[in-house]
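One chain, subunit A, appears in both complexes that follow, with subunit B as partner in the first and subunit C in the second.
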Partner chain A sequence: MDLQIALLLGQDGITNGAIYALLALALVLVFAVTRVIFIPQGEFVAFGALTLVSLQTGRLPGTIWLLLALGTVIVLIDGSIALRDRQFRRLPMILLLNCGVPLMLGGALLALSPAGLPLPVQVVLALMLVVPLGPMIYRLAYQPIAGASVLALLIVSVAVHVTLIGIGLLFFGAEGSRTLAFTDISFEVGDALLQGQTILVVVASLVLIVALYFFFERTIYGKALRATAMNRTGARLMGISGTLAGMLSFTLAAAIGAFSGILISPITTIYYDSGFLIGLKGFVGAIIGGLASYPVAAAGAVLVGLLESYSSFWASAFKEVIVFTSIIPVLVWRSLKTRHVEEE
Partner chain B sequence: MNIKNSIAGLLALVAGGLATTVYADINVGVTLSATGPAASLGIPEKNTFALLPTTIAGQKVNYILLDDASDTTTAVKNTRKLLAEDKVDVIIGSTITPNSLAMIDVVAEAETPMIAMAASARIIDPMDDKRYWVFKTPQNDAQMATAIVEHMTNNNVKTVAYIGFADAYGEGWWNEFSKIAEARKIQIVGNERFNRSDTSVTGQVLKILSAKPDAVLVGGAGTPAALPQKSLKEKGYKGMMYQTHGVANADFLRVCGKDCEGTFLPAGPVLVAVQLPDSNPVKKVALDYVNKYEAAHGKGSVSTFGAHAWDAGKLLSNAVPQALKKAQPGTPEFRKALRDSLEATKNLTAAHGVFNMSPQDHLGFDQRSRVMVEIVDGNWQLVK
Partner chain C sequence: MKPPAVAEERTVVLEVSELTVSYGKVEALHGLALKVHRGEIVTVIGPNGAGKTTLLAALMGLLPADGEIVYLGERQDAGRTVEKLVRQGMTLVPEKRELFAEMSVEDNLLLGAFDRYRGGHRDHLETMDEVFDIFPRLRERREQMAGTLSGGERQMLAMGRALMARPKLLLLDEPSLGLAPLIIKDIFRTVAQLRKTGVAILLVEQNARAALHVADYGYVLETGELSLEGPSRELATDRRVIESYLGLGGRQ
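So, the complex of A and B:
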């Protein structure tokens, strides 16, 4: 291994690590606010990437049907609750948000023929199709049992994950796809070739992380999320709705997931079930951060990326073994360091 | 004739009709991997069963399709269900090797013939009391590996690196390929593994590049096999590229794009059916399958995997008439007769080659079952 190879591996590791870091942040966020270990996080990566692929190849993405179906179910549930409570004023809003918006999106897709649109518009369209799935899934799967134990929420996560995988196979097929490259630029650094696309991934991830930081530090919603994460009961006493916090955290998680998928889909082939493993590596990062610390989780995720990259050079057959075994010393260290607190 | 008599007559007719349908139908139990990691192989197979004949020698044939989700336990469960509840006369499946291997014990116990659609030679070799009941339609890996090594020696390849799936497929290819390559004096300078779900193979590719091989063989199936090749091209690799027959579908060409130009792979003749010389006996059967499949599922939708299911259907159509002479479907005697008749298959032309079975060889393919193919302008091109 010479310096050039070491640099290339480092570059590769940091690129993957940046994606894992984004997912680790989303996992920490969702867990802190709602206590849900969000296994389906990775599915948003696959859905984001494959929805963009569908748009680029001129097919109607299956995501729109999922959006409509979930929206209709929510309208039925929320609508009947509003009718029962005689809160008729809420009905138009429920209808518009859950059925109106997906219908308009679907209409726009049919009218615009997205294959010919410029790439940024396609990306925005793909995000608009995938991100609402986050709060919708929260509304249907998690909100009714928001007070349940972490274990029960985890079991629901597994169910959501398996369901989304199946739906992904139905919508996008068994074979993988790549999106068109955002940029073909590449730089010569010494002997090594630096791809513009990988720089884009790292820069975009950094920008997103900084944006998240300002969101949590400077905006009222960000502060509300932080308050909920610190003390759920206290936040509720201060008038912060737990439901709103849950919705918001799931929206952010879905957005981060879909955005990550769109970032990496030009570099690698994405399958309907690729998201799970990517999400799992983000999860290893999040575990290193104890599912609580954002900076440690991000650093842990980058470490996972680097570990993966260098181990693929030295012992490619054992790459996954090395990455996932690394979680054991972390868990030992964590359990020795922290005092076990009984769940309330 | 009074009304009572005619009603009785009618009832007798209906009862007779029912009796014949119950006893005369041939039930074919199918378990395949239409979901899960092997879905891209299992789906065309599933589509193919809809195209198979519904009557053989005047008997109605029922195909009972179950999905095993590429999972070994489910495949075994499906097999037991088909045998116990549906009383099938023959089992076809599964799509992948681990599933098929696990099903051998079950069908042998029930003394029911089985036709596997998975590639590994271990399914039918070494022949023993259990494999006595087992047949298969895809070419052995060894036959395909020999074709690659032959092509390499003909093109002056001295050193070769291998990168394959970190699973049974990649391991199986490594064993076959390394054995044959060493026998033919080709030096192997690299042996790497990657996972189907990997998003990056930079490490493996850099290691291969530092060994400077004349050729690289990718031991992967479906679109994941495109990743190492794309990474190699990206990092400036200029040598020859080989893939295995596991990539022979249109999705691979779509994903790999221009990075796969000039790649060589061995494949079943059905992949390039149109380009086969008219003298090749396989051409007619293969074209027949391609046309039927594309008529149902659209132009360019055909893959070699579905043709393995088609060939299983061919074997059945050929064997059932003989077996019917000896016994009635639904009986142990018929299953035994069907097995004997499958084993006696001679000179049966199918989409992937010509079957000549024997008690020792339950595949029966010769070199007519494989061709070398080059990827030219995003299409499969027969290497003459």
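So, the complex of A and C:
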């Protein structure tokens, strides 16, 4: 391996690592706040990418149907609860948020013919289609059992994951696709060619990470999420309900997932089920951070990206094996390092 | 439209009757009745395991309860939740404090105003200044992580965080628990001062002497039932209270 190849692989590894880092952060966030191990995180990557593909190829993204279907179910459930409690004033809001907004989006898609729109508008449209799925899935799948054990929540996660994969196949078909490149600029750095798209992915990831940092450190809603992760009872007594925190963290996780998918879709061919493997690598990063530390999770995820890229050069058949085996020494190290404190 | 000041003094904030709380088939509280007025400190004293914490948890909506709870003139239905009660100005300072350990004192206080902020109020900075005036210690430690505070400071922070919500009814669960006598004195002096802000306080305490000293009215809770009640001065001189809770020192 000469320097040129090493640089190329490094570039590749960091690009993927940046995406894994974003997903790792989302996984840590969701777990810390809701204790849900969010396996469907990867599906948001695939849905984000493939929804953008649909928009660019002039098809109506299937995502809109899912949005409408979930919205309708939520209206039926929340609506009947509001009727039972005689809280009629809540009805218009429930209807508007869950059915009105998806209908307006659908109308906009039909009216605008998104294929001809500029790229940033397409990206915004794709995010608007995918991100609301996060809180909707929380409302339907997790909120009713929010107090259940981590294991029960994990089983629900597996179910949601399998369902979304199936829906993805139905909506987007079995073929993989790529979106149009955001930019075709490239730079010569020494011997190596630096792709503009790569720089874009890394910069966008960094910007998003910084934005998340500010959200958690500087805004009252970010602090409320951290507070819920630290002390659920304490947070509840301040009026920060578990439902609010869950909705908020799932919205963020969905946004991070969809955004990641949109970022990598010009570089990687995305299939309806590609998200799982991508999400799983983010998960390895999150595990390195013990599902608790954001910086360690992000660093671990970048490490996973590099490991994957270099092992694909030396032992491409064992690429995934090497990545996922690396979790074992991490787990051993973590279990040796943490002392188990007996409950008082 | 404001009622005259004298009438306001006697506004009932919380009125409970026939309150019964059960853990499964075990009744923890049975047929409780109590009343808290605006600007009044009411204490519920009693030994360990009498159900004091259960009472506060039930009032705060953390536990389901049977019976009638009228808060701010409104009868509470089965749909009451912690979040709704917080919105209506009821705040609990729990026995375990439940602070956000890895956050600064300032952030803990800020989150005390979370619900007001969400409701559109933007006066948290002024409220924080008021809280700092009540607990100057917290101002000194504003940057410090809550987890590194001393026991007394933690109790101050828990109370300060609750005050950030500008409560109408403050429920205090054993504020003296695990604190040194001098600090207990400090905390109770502050509780007495809070009366001036007009907040109604329901104080649950094992430390009967300190509690009766600051309170206007008191109840004695024994194995899930209220056995005695009266103005706290009278309770403090009641033979049964002295024998069970105050010991010999009460006669002095």
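Rule of thumb we're sticking to: the second predicted complex is superposed on the first by the 339 of 344 C-alpha atoms of A that agree within 3 Å, B and C clash if a C-alpha of one lies under 4 Å from a C-alpha of the other, contacts with A are read in each partner's own complex, and residues count from 1 in each chain.
The criterion applied here is as follows: a residue touches a chain if its C-beta (ideal position, glycine included) is under 8 Å from a C-beta of that chain, and two chains touch if they have at least 3 such contacts.
Here the structure is a predicted model, which is why all the values come from computation and not from measurement.
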Simultaneous placement of subunit C and subunit B on subunit A, clash or fit: fit
Contacts of A:Y310 with subunit B and subunit C, given as first, second, both or neither: first
Subunit B versus subunit C as contact partner of A:S241, first or second or both or neither: second
Contacts of A:S177 with subunit B and subunit C, given as first, second, both or neither: first
Which superposed partner A:I328 touches (first subunit B, second subunit C, both, neither): neither
Partner chain(s) touched by A:D12 [first = subunit B, second = subunit C, both, neither]: first
Which partner reaches more residues of subunit A (counting touched residues only), subunit B or subunit C: B
Touching partner for A:A111 - first (subunit B), second (subunit C), both, neither: neither
Closest approach of subunit C to subunit B (Cα atoms, Å): 38
For the subunit A and subunit C complex, residues of the former touching the latter: 85, 220, 223-224, 226-227, 230-231, 233-241
Residue numbers on subunit C that touch subunit A, as the complex places them: 60, 79, 81-83, 86-87, 91-92, 94, 97-103, 107, 110-112, 114-115, 117-118, 161, 165
Subunit B-facing residues of subunit A, complex: 5, 8-9, 12, 15-16, 166, 169, 173-178, 193, 195, 264, 267-269, 271, 273-274, 276-278, 308-314, 316-317, 319-320
In the complex, subunit B residues that touch subunit A: 35, 37, 39-40, 43, 163, 166, 192-195, 197-204, 206-207, 210, 222-224, 226-227, 234-236, 249, 251, 254-255
